[in-house]
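Going by the order they are written in, the chains are A, B and C; count residues from 1 in each one.
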Amino acid sequence: MSATTLAERRGALGICVYCWGAIACLLAVVWASFAYLALDVSRLFTRESAGYMLDFIARFFPPDLSAAFLRRIAQGTLETLAISAVGTLLAALAGLLLALPASGRLGPVFKAVTRFALNFLRSVPELVWAALMVLAAGLGPFAGTLALALHTSGVLGRLFAESLENAPPEPARALVESGAAPALAFVYATLPLITPQLIAYSLYRWEMNIRMATVLGFVGAGGLGQMLYYELSLLHEPQACTVIIAMLALVVVVDAVSAWVRRRQMRPAG
Amino acid sequence: MSFELARIGVIHANGQRALRAVTLAAGRGERLAIIGPSGAGKSTLLRVLGTSMRPTEGRVSVLESNPWQLSGAGLKRLRSRIGVVHQAPPIPPRQRAITAVIAGRLGQWPWWKSALSLLYPADIAGPREQLARLDLADRLFERCDQLSGGQLQRVGVARVLYQRPDLLLADEPVSAMDPALADLTVSQLHSEAAARGVTLVASLHVVDIALRWFPRIIGLKAGEIVFDLPAARVSDSVLRDLYASETGTLPTQDNQPLDIGPAAPAERHALKIIPPPRVI
Amino acid sequence: MPPDATQQSLRDPDALARATWALAAVVVLWPLLLVAEFRPADLFDTRNLKVMGGFLGQFFPPNLNGEFLGLALRATVETLAMATAGIALAALLAAPLGLALSHSLSISRIGPGPGRARGEALRALTRLLLLALRGIPEIVWALLLVRAFGLGPAAGVLAIAVTYGGMLGKVYSEILESGDTRPARVLLESGSGRLMAFFYGLLPGSAQELASYTVYRWECAVRASVIMGFVGAGGLGQLMDQSMKMLNGGEVSTILIIFLLLVLLADAISGAVRRALA
């Protein structure tokens, strides 16, 4: 076995210089973040803080399972579902309306303006919208519904616009060429083509909105979130625990139902 | 006994039977070739020998142990003593040849040595030596996606040679190589097995290489062993029976008709009869 | 002419079904609207209008006061730092969980060999743990951690670490299971340990995808950090919450603009890094 040459040893280095540089940069950025926040992560793992955490967690158990409170949970869950459902429905309608100009059917000016509006609607997070809507419509689930509607119309509007752009124009064109008004041609020819996609997007967003609706209550927009915030501020930890369990259960059930629906759709027909 | 298979049967999850009542044993240092038509179960048999598949029926003993009754640690140790050359080398494309070869000793090295080797190989001379045996020393630091199919297969062989196993298994190790390189590769496997006195089992699709290099030939057809003969006794008619469902000609490396008429054993063994491959 | 053509009904066979669905939709929708307290008239209630109008009126011009801008920029850096530190911890948490969960690194599946039941149980537990971590929204974690550790970015960092750890863990395991798993399996079959089988067999092929997804989640974490500020976890969100509570439209407007720019910046950085990785 001969010795390795210098050239061999130089070429043997496993990771190129560029990659070393990138990894070093990354580590520097991460370290800088921790330093800026003056976070001492090691403090988390002392016996004292562990004991404190365990005490804190212990206050949550056992969760409050009394019938009266469970009734309120049920109400809160229903409210959350209603917020998400109505909000998504409004968003789907608004999204469809906005998708028409956004797909360029009314000219480039409207397209640019609507696209900007849609981007603005979806860039502002739901919670920020919720805080704003609480100012506009007062505390309660209506603010949450509006917040979801506003944010989701931005999302759905853009998705719907893409669907419209990708829809084949021939069916509508054929109708127009035989004398139909463009609006009617759209409704008879293009809309049926894209409806399955629109419904799929809307259902998917509804599923995500249920998750969102649970937390909008933190700023006063109703549902389970408002209950959780309320109970925690009063230091009612057992009640808060029940609300968290309800939130988790809701998300799990929605996940399971949508997975089941998706599996059924994939099954070959007949 | 290097390995002992007693009435091994393998039934896949979809109900398809891959092996039926296979009984095979080999002592230390033996060299066997397994031949047979496609779908005969050669790969499955090698997987059972390599402890990567558990037989549905029968008993396995590899290197004096029953692999399926060992503990996790024992099985790991046993597996590090078995080297498998795969037909399609299981090497990530972006990996360099040297790292691919070093991976052969992952089962033997302590974890810190393996981890450091990712950054800087702990052993450069060793992999170089193995690649040199297969005429690939100049590709030591190249990425595997820059290599041809035959070169990649040789890297896979180099990895197993570097592993220094006690049982060498090869599943169609030369399928992507031209005759000269195929001969070189099999000769390296042969010399490794001979030098260290370990058992070599190779499944081969081409018959002339099998007959040239291996003294013991196993014929496998439809999951059953149809013959287990010394190479000298493998006659034309035996082979035609084996490949009966395939086309009239027997598969050979360079598609020349295989001349195995009723020749005397001494002549069969003499390599002079078959012209030596030209080294390109 | 077919004998029963004249007997054929002239009613639309779909009409009944459509009417039923329409009725069902109304029956379901009406109580939903009630429960959601859908009262559009509230928007035009004089008191609300005055508050909202006054608030919106202050949006233009946005508050560009030097002192406030300094505050806002410090909060922005704090938000970026929160997201980065949080994702770093999340990746640290997700790496071992993702490796444990991925069945391409399972030794007991080869064969199948000894310890299979234990392996399956471990994977099921890990999956459950990851589900619990990501099932609870990060804001809830933030709220709880604020109660435990007090106001400030520490709670936000930990909330991101926990939730995104769950998300990253699940996706890491999926990435490791997709693609070519043969190299790793072959290494396990020749006696290698699981960790080395990952480094030598799976990482070369999946490094780019793993890194790319992590960077994408960093971008999401930037937005999440802002939102968590609303429950007291520091950063830009906490500033916006304070300004909103004081009905200071000018400050909110500034912060919104900064936030939108921040999201654009994070998107650009994330896109650039992911393209460089490819």
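Details
Note that contacts are C-beta pairs under 8 Å (C-beta built on N, C-alpha and C of every residue); 3 or more make two chains touch, one makes a residue touch a chain.
Keep in mind it's a predicted model, so treat the numbers as computed, not measured.
Taken pairwise by the contact criterion, the protein chains are fully connected, each one touching every other.
Farthest from chain B, judged by the mean position of CA atoms in each chain, is A.
The central chain here, found by comparing per-chain C-alpha centres with the mean of all protein C-alpha atoms, is C.
Counting C-beta pairs in contact, the chain pair with the largest number is A-C. Computed from the mean C-alpha positions, the centre of chain A lies at a distance of 7 Å from the centre of chain C.
Computed centre separation for the pair chain A/chain B is 53 angstrom, with centres defined by C-alpha atoms.
In this assembly, the C-alpha centroid of chain B lies 49 Å from the C-alpha centroid of chain C.
Counting partner chains per residue, chain B shows two or more touched chains at residues 99, 118. Those residues of chain C in touch with two or more other chains do not exist in this structure. If you check the complex, the residues on chain C that touch chain B are 107-108, 110-115, 180, 182-183, 185-193, 195-197, 199-202, 204-205.
Touching chain C in their complex are the following residues of chain B: 50-54, 67-68, 70-72, 75-84, 86, 88, 90-95, 99, 103-104, 106-108, 111, 114-115, 118, 163.
For chain A in complex with chain B, the touching residues are 1-4, 8-9, 11-15.
If you check the complex, the residues on chain C that touch chain A are 29, 31-33, 35-39, 42-43, 45, 48, 51-52, 55, 77-78, 80-82, 84-85, 88-89, 131-132, 135-137, 139-140, 143-144, 147-148, 153-154, 157-158, 223, 226-227, 230-231, 240-241, 244, 247, 256, 259-260, 263.
By the touch criterion given at the top, residues 96, 98-99, 117-121, 124-126, 128-129, 140-141 of chain B touch chain A in their complex.
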